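We just call them A, B, C, D and E in the order they show up, numbering each chain from 1.
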């Protein structure tokens, strides 16, 4: 079982109820804007507490209301690529990339620093401050940072937004490789039918 | 520099020592208080906040007097400190540093709190997902991002310490070489008619010192923040 | 404490500053360790001693704080009158017409009269007594400017902010910017007497000798040089 | 409330008037200075910054004395104001407000500056593309987004004004009903043995007033900022 | 002439040189991530000053280095949809939308408030603070704000990023309508070949 999610989530005035189990290596989460996709990723990462239910990823229980389990985010080890990127403004690109690495002693690496720099084409940006990056550059660095933190699963919130077609294609291939070579459950939020068709073994629609 | 007398140099050295120590010792306390007030909600929070502001609203002489009641040899804590450890603050430069630190505290807390509140919590969340414990996330995200407040607080605190008079003379008294800081020396000078020139010299020294502190704090902020500021703002 | 190797510690009212420095020099010139001096208001000095500050001698500018200290059991032996002072009316040296106190009182548009705070500062209390016995208090009461201490009152006259002030003769003597326009007869107010006493905690071997030195001929010469007069025999 | 004497009520009312006026008048000046220092680069910027900090480093009595030199009847500006308009500050409650405002200025500027520097310039750019002139962009973006600093500055300034002693007594003196604010009344009490109870009552009033100001400023910030804070931060 | 741009732009260490003239109603600006598309829009909007050259839009000279012309942003009246949205965090959605309107007295409106709310589907968000919006909601409000400011031309920096297909389609139609019905030059930055093919009369490639 990759993902076993059964939660009720209160955001603002609304309650989002979502229940899905997926054995696929890559699961897509789709639905119209504002339906609650990001909120669900937040809940899985441990940044938003569901009112009730449970969350199990790769056979590990991250949250279980009845049993009182609620792992803090740092022990869930999600590789979360935020929709709003959230680079650390006070650290250069290299230090942003290294941030998760430093907290990942003894954890299983899924990719090397060199591969990240090469595949995401960010080698020339290492010395730069995040404030000087373009939209696409920012997103690529955010993806690299998450991959380097030795995650046990990935949460990708529209990772290909604002990437040019060539770079998007390269990233798609990287995701495929991670999906096929590693035992690393991936939950992908995307608005692109194309992306979803190509990558996902299972599609969850939130409505 | 033949411009100042040796006694005046002593006063300046003492003032620097007292202010630097006061700021360095108060800084972590102030930051912890600022963090608690900015980020925690608990009963009594407003009371704590009000208590921190006390040295600001009370006349300094009263603060000095309260310190005397608390930390003087006959004071509640002071008697114990003296009996147990032989520690005494009255007549000691450490007493002047305590007075300066207490008076500087509210200014430091406020500046730090402003910067802590301005730190985007989404960045702290991001740090947590990257494996950082709450403590590490604090040390690597909240703390460095609040450097502008820390620098402003240190600067305000240092300036206030340099200028502190009422609490110091009341709590630590006015002994040359021990507790006669710049303001006390200036006061002492003002008690003697015709010593305007000496007073002016000391006042200029106070200004020079604070200018130095100002430059240092600007440098600290620029070094750690400006290059990484929020976004690309160009022409405007 | 770091002052242990030095001479005895003397806490004194700030209006004694010049005179005490001079006396301390004379004491040191006769082969003793120079005493450690601290100046603040009589109230500050007394409260510090009251809280057990490790001082040897205390000098106040009137009897009320000495009585308070004696009541606290903070003194060793009785307070002893040290010197006396007198009150004078001063005007800015630059003022064209030297007004007298009564002319001032008769002219309601004649500006204000600077004295030390008459409720709390001894110099102000004496000034008020003098005005009352001259039957002027009611007339000038609303035109009083109560300053923090005698020096501050003097400064207001020096700066020409007020046409007249009442200060100690010693202060008027020391200032070149004011002119004495009238001396107030000793009979118009209580005797202005400074007191000295040994504190209960005094353990400096030379403290008794210093006390006697100040009361003796050589100490009194230092005070006389600053314009103080001997304390009335009746008080001794 | 029979708890306080009528004279004490007068003191409190005066203190409030002085502090409120001082803060209200100083606020726009402080904000303008904060903005200039935060956003403009020009020769002499550091000097201006240092000048603003002066009242913090100088002993308050010296600041009061400088005010006297400047704004006293015989002062550079004061003489002109008096001759031209008959305006005088010395011995008036307006003088107390000026002293309080000057002492509060550096604290207000620092807090405001921190918040102005934290405003994201990209938002100002966005306002400009939407048709706002620099001035409107300032009024609708920079100003409201720096409210936390304005509130903190107002709070610090008010507290400092309430507690201001040295500059006030030196510049405006200690006239009941005119310039005797809470700290001056407390100080006056402290100078007299045995008036601890009255001092404590007034100190409690000072604390109550500042607590009120604290609540008001927290409320102001919460009303205008908290609901709109930067992002969705949930559990952490 | 819709756009007549001939500029040299220094960003960081690099110099971006771009020269194009377009008579098309909608011009697309394409190129890989980090090539300088956003920087060019900033220059046209008056937020970044070119080292040299000139910018003319709809026959009005906005910038001309030799002649010393450099209109401030508020007089250029661009309808700029920023890549990073830049909603005002201290104003509710309704107040964000109204911001540009209020500065647009006497200017020609291009769309009504009601149309914006309906076509962008943001009517239910008017009372909300920007901090509570989802990614797609934020972008829709940013688009609405720009349209309501009575712009004389539009600068759209990846306006369809993070919009679901249905809403993206609706926005495409709106852009087509604005393009066809109004004399309103539009410069569109997009990574989607599909979007560009469908909308653009002229494509400028930055490389």
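Keep in mind that, in the parts below, a residue touches a chain if its C-beta (ideal position, glycine included) is under 8 Å from a C-beta of that chain, and two chains touch if they have at least 3 such contacts.
As the structure is a computational prediction, the values presented were derived from the model and not from experiment.
**Q** Moving only to chains each one touches, count the minimum steps from subunit C until you reach subunit E.
**A** Minimum step count, subunit C to subunit E: 2.
**Q** Based on mean C-alpha positions, I'd like to know which chain lies farthest from subunit E.
**A** If we average the C-alpha coordinates per chain, C ends up farthest from subunit E.
**Q** Which chain's C-alpha centroid is most distant from that of subunit D?
**A** A
**Q** Express in whole angstrom the distance between the two chain centres, defined as the mean CA positions of subunit B and subunit E.
**A** Here subunit B and subunit E have centroids separated by 49 Å.
**Q** State, to the nearest whole Å, the distance from the C-alpha centre of subunit C to the C-alpha centre of subunit D.
**A** Result: the chain centres lie 36 Å from each other.
**Q** Roughly how far is subunit A from subunit B, going centre to centre by Cα mean, in whole Å?
**A** 44
**Q** Note the residues in subunit A that touch 2 or more other chains, in rising order.
**A** 46-47, 73, 84, 132
**Q** In subunit D, which residues are in touch with two or more of the other chains?
**A** 61, 65, 122, 125, 128, 134, 187, 190, 230-232, 234, 236
**Q** Among the residues of subunit C, which are close enough to touch at least two other chains?
**A** 47, 155
**Q** For subunit E, which residues are in contact with subunit A within the complex?
**A** 12, 31-34, 37-38, 83-84, 128, 132-137, 140, 157-158, 161-168, 191, 193
**Q** Mind listing the subunit C positions that touch subunit D in their complex?
**A** Going through subunit C, the ones touching subunit D are 41-43, 46-47, 64-65, 67-68, 112, 114, 117, 119-121, 144-148, 152, 155-156, 159-161.
**Q** Write out the stretch or stretches of subunit A touching subunit B in their complex.
**A** 45-47, 72-74, 76-78, 80, 82, 84, 86, 88-91, 99-100, 103-104, 129-132, 145-146, 149-150
**Q** Looking at the complex, which residues from subunit D come into contact with subunit B?
**A** By the definition above, subunit D touches subunit B via 46, 49-50, 53-62, 65, 106-107, 110-111, 113-115, 117-118, 120-122, 124-125, 128, 134, 148-149, 152, 155-156, 159-160, 162-163, 165-166, 182-184, 186-187, 190, 199, 203, 206-207, 209-211, 214-215, 218, 230-234, 236.
**Q** Okay, in this complex, where on subunit B does subunit C touch?
**A** 61, 64-65, 68-69, 72-75, 78-79, 88, 90-92, 169-170, 173-176, 178-179, 188, 190-194
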